[in-house]
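First chain written, first letter: the chains are A, B, C, D, E, F, G and H, and each begins at residue 1.
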């Protein structure tokens, strides 16, 4: 490499020999950064696909099968995050944060979406982080279980968690509109309640959070508005039932008036 | 996958079965796009490193060795571009152009920089493209030469070429300033001549070129200004020689007044 | 070759490119004009009076698609076929509109989803990229989504026109379409945004069907169509 | 844990983060104040009168670095050591200035390039990341580059002050530095921009040496320093 | 002529231009004030109580248009007539508002589309450019589109006020307008964007008519109007 | 006085200014915290369950306004009263939020528009500038407009919660507000942009009233409130 | 006249307008091409070899201005003369470039400031608006400012080419220009921004003259030109 | 008070505010005109011929400052004194220019740094805010920094005019100024950015002194001034 030519020219130069070390240090850092960017892109794409998969939940009969498929997909994403953790082993994670923050936010979005669909609650930062513990460097490779059982952990930052949850609200809004379209009137009311809680949470945090959160607040407010509008429409139209051929409705569309049977 | 659950739900649905095909087609396309983005990032980084290497040419004694090292580096970049070409085999290259254009522009910048240093001229689009012909899918693997000798080519677009050359001017400016610092007064005048030609070329093209070129024109103009200023300074200070102890200068810094001995 | 010659050569290339684009723009304008005319023909189906004339309107639209084919044939001559995506942006918008109009005509005629192949045939273009000027999958899908939104409007206007069975058929059709789209992994692009709109169309149609149900009009409609 | 509780918890985290940043900002302000004082002490070397007093000025600056060490010691207590890069932006600027001042003092004292270790020692911090509050390589390099630009100014002012040998020594030093920097592959970041500035410093110094050469003052200088 | 004399002379032109713009701005402000007053008068038609008073409100608005004509007459005196487009931006916004208000008054009076000529007459200006201060075609169309959006609001409020026939008439009118606009080949400019909004107005009004239909209120309305 | 002495003296002013700003920032932060708490309290009125508890929530908010008054009292002590506009930007945002919250509480309590004087009283500040720390007219108006948008949301959620009369009252209120704003000649500033949003709120609420009217729920609501 | 007829009729106006703009765009493109050719010719004066050929280059440019006049003559036929400002944006950019090129040629020929009248004559247009297609004052001034920046580059390159007297003449010229511009009361518009750039040109040229003066080259230049 | 009455009343405030701003803008325009005239007078010091006439030019400028005082006196009458910062942006720019011009005159007269008090006196305003219309510290400092950049230009032009001692005096003065500024703890605002420019002025002037030194012209200058 060029440095050798240099060094040959000034064999005694102390300056050149330290700069050779600097060159290596910088290159190693940049290479690591690049690798992290690439893994992060993979994490983003696979998380997005998981979210798409989860939206199919309102249109398939066997929701459980779909959810377990989502589990599998997220497990693959988790493995990718394991690679990130591997790269960050012994590093200050904030040093390379910009490289992988988009991917992690998308993962939070996907994981919290799955969690909501399954449990109708908000996954906590702790729950997310608890899943990002990796044992050994090749956790999947079970034959090697005798190897070093040193636990490797990845810690999602509160900011990334918040940003992921902010994006989650957009997906919840989509889920809400789909639910109405599929004749499920229970889910929209549940979702409006849940979204309102998240909205109130974010407005409680206000401008003390990271700058990007404030930017996403507007979209969040819009999503909440759409969900509230959907509930409003359901209520308004529901008001008409008693006046027109009520029996008919009961017989043909019982699901509509029995809120306990919504697709949970 | 989720589509199977869907399909099982509506086994007879023609719509679902065609959308299953669509899903595949889209995923394949997006995956290819992603791969191209990643290769392009590699091309960018390696090209940039080649450019850094080439800037060392003014400070090493054996320029040839350094240039051949740059050749080796660019050959590696070329191989990466071969991978791009492989991905694009049979595709309309403009379909994925946005994925790899940054890398290709950086490659043009590096290749034209090397060419200028070696030949003191502007490499043409044809010369660049002529090098991007790849024989067989694994050109390096010479054992396999009996395999299909199908030639794979990559065509740099005129726009990418122009954008790369626009960036080249920044590197030439840096080379010029370094040359002055290294006491080489021949190169700056050569460079100012060359840069002026490129500048006049770009201003001849004017706003008929792609939008990004117009944006880079301002930087190009600034680089030219810096080079012209450097030449101006050399000329102005040169004007003082005859009046003060001329002999001294001849003996101690003969290189300065003998423009034929500049480091070519 | 001197730098000046090289830039002259490049300038030649750029000028040629601009000329090609100029030519394309002109043909695309005529296409847009025809597309607006087809739309005007088909818009009448939203009028109470227009429901009976659907076959006639479709025929009329089919005729205008001849003009479209001629215009697209001209468009094809304006640039090398392998550079489709270089100029894609110029006709993408109108092609999506035309895909929509094709899909709408086919739906009105047969209440079925037009295939990509059928659209290609109606427009006189290819399905597969390597065979020439073709219909990009995304553009086909965009056209289908525009139709979905038009159908939600049609469902509303059908009721106004006193046709209570059509909304129910539209509902079934749109639901199937929705299931199809759910299979796709879209990027954050205009298509994704349009697809988000589909949910609102589905919702709107569901509301129409609901309104019919609670008034017993849906049943009435079914029994009518059963006959 | 309810959503409200979760957000309260997060809000707590965010508030804590803001408090930490507030604390850091305050200490950093005192550091900036001290850095400006050191700079004022060292600036006098550019004055014709200042040249003889260099050792005294350096000693004075060394004293002020004690204050710096105390202040950095305080800074270290404000945040968990493993979160260095989380708050890096807050002190990056002043740390580069301090690296520059350290490098400048060392150069004035011994005409040699300060090592990263020496800077760390002067500032009372670590070189290696895992050992605690450290000097980032990029920040060290930035400091060195600021010094290079100061040296080009010093070369000019040395001539004004009648010292013709110093520019030549500076020239040799800067050339070696330039060779060193050429080995690095920098990203398109502020450091790269600063490094581009080095070329102008080298050029300026070369011009000074040239001016001395053509007037025979360079030789004079050498013979003086040879004695 | 020296450079100084030349520039003194040129400054005269610049001052004159600035004075003209200042004068125009002042008259335009009074126009905006009057436009807001007319709007306030016409807004009352959205109130349940306002429906009966439409003729009175229109008469009131017509009176205020006298003031508008006086103000525009003043505006005309502020600049040479052939420099209309030089200062167009100053009054374009208010002229579009006034075109909207004219169109709205005329619709409320006669349920017909105001022509460009009628707007020009109401505002006391010309239609064709060569005859003086005129109403630009784009500004007329913008005014008509603002009215369309006002009518979709009126359709909603008519129902609230218990007038079930007006929405149906508005629906027909807006559909006609929509067909009309489809004949136009608009550029990608603010007008085009405004026109894209028209389809939401059309849809909204169709939904109002739908709501009336499915509840049998539309027929009721017809039978009322038949009497 | 030497230059050094002069600048040392000037630095005193700069430090004082920075200290004042630092102090202001800190108090403003506590104000923002309290404002967010009040918002959290009041936002619960959008919950279906929250409707019955409005008086309680208002009382709770009123209590928190005591804290606000204390905090503003502190703020007042941080700078000379005649320099209000020098530091205006620091509290402008939170003051607009507080004006909104005051207006919202007053509306929830009495369904009337808070006056600028009342807001001033709730916040413990003056209306007129010469009497001390005051509420700028633009800030009061901004607060009122934020409330308008909150009320359009409330109208929607009232219906969801089964309260059909509140939207009608909100509609009347907002219409009055809209007429009021039309009297103002606003500059092209952030306030104007906010005001442009008011027409969407008006339209939104009108549509809610429409939905109630067409289903006969508006009448029902009236008869309920008549009792 | 039905709405359809009315809009068909209006479409005629829109088409006509679009055709006019299309025509203008085409001619403007040819003008831009010629302007770029003139620029290429004149830019060679920056080459060391180009200095002797200035008269030849100017003659060459003058020839190309014939083409410009023909093209502008064509441009004039494309639209009614009183609609100059309607389409001004289409040619404003190229007209400023041409004003610059005219000013540059005149300066190279006679080292004097071109008047607005001379530019108009070179381009074959009018000075005063009422007499037809004219050169707007702002466009003339923009052209002059572009030339000022070209002259500061020329001053530098003159020295490189060994011509030491030209920069001094340029310096006087630019200073006069600067005084002239200081008489103008410019608005806060693009022209003002361009004018702010002039002071950098002035400073740059002063530094060139300084470099010559301190080396005694200015005197030399004077004595040469005295002969 | 009804909402309408309330808003009518509020409109009174808004109108008054707009009138005040309009009045301020007009007076500020006359101030800008006078400032440009003073600048033109002082610019002549950069001309070789201008060096002898400095006292005369300063006297001329002093006269024009009378006009400035009259205009500022008018400005003061346009708004209540305690609302200085409400309208500060309107005159901030011109006040900085005037502070620069005052500083430049004082420097040319006495080669000393004008104090804030002196500037205030020249402009007929107060130093301390509580005593009325005053000179903000930041505006004073901005004016001083503009002068520094003018002095670096003056150093260059002095050499051209053959005055070799002035650059050395300017160098000392600017160095003192630089030390002064280093005592200030500036925020990250426009002033800070301007201050960052000071180091380029310092460097430029040092290079001028260097050029004089290496050619033995500095000594010559000293011996001249010694006499």
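What we mean here is this: contacts are C-beta pairs under 8 Å (C-beta built on N, C-alpha and C of every residue); 3 or more make two chains touch, one makes a residue touch a chain.
Predicted, not measured: the structure shown is a model, and the values here were computed from it.
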Check B-G against B-D and say which one is joined by more contacting C-beta pairs.
-> B-D
Quick one: chain A and chain F, Cα centre-to-centre, how many Å?
-> 35
Chain D and chain E, separation of their C-alpha mean positions in angstrom | 66
Measure off the straight-line distance from the CA centroid of chain E to the CA centroid of chain H, and report it in whole Å.
-> 50
In whole angstrom, how far does the Cα centroid of chain E sit from the Cα centroid of chain G?
-> 42
Quick one: which residues in chain G touch 2 or more of the other chains?
-> 179, 183, 185
In chain B, what residues contact two or more other chains?
-> 2, 6, 30, 56, 59, 200, 204-205, 240
Full enumeration of touching chain pairs = A-B, A-C, A-D, A-F, B-C, B-D, B-G, C-E, D-H, E-F, E-G, F-H, G-H
Name, in rising order, each residue of chain H that touches chain G in their complex.
-> 29, 32-33, 36, 39-40, 43, 46-47, 153, 156-157, 159-160, 162, 208, 211-212, 215, 217
In their shared complex, at which residues does chain H touch chain F?
-> 1, 3-4, 6-8, 10-11, 13-15, 17-18, 80, 82-86, 88, 113, 115-116, 129-130, 137, 141, 176-177, 179-181, 183-187
Touching residues on chain B, where the partner in the complex is chain D | 48-49, 52, 55-56, 59, 174, 177-178, 180-183, 230, 233, 237, 240-241, 244-245, 248-249, 252-253, 256
Footprint of chain B on chain D - complex, ascending = 175, 178-179, 182-186, 196, 199-200, 202-203, 205-207, 210-211, 213-216, 218-219
Interfacial residue positions of chain A with respect to chain D in the complex | 2-3, 6, 10, 13-16, 18-20, 22-23, 25-27, 30, 90-92, 94-95, 97, 121-122, 124-125, 158, 161-162, 194, 197-198, 200-202, 204-205, 208-209
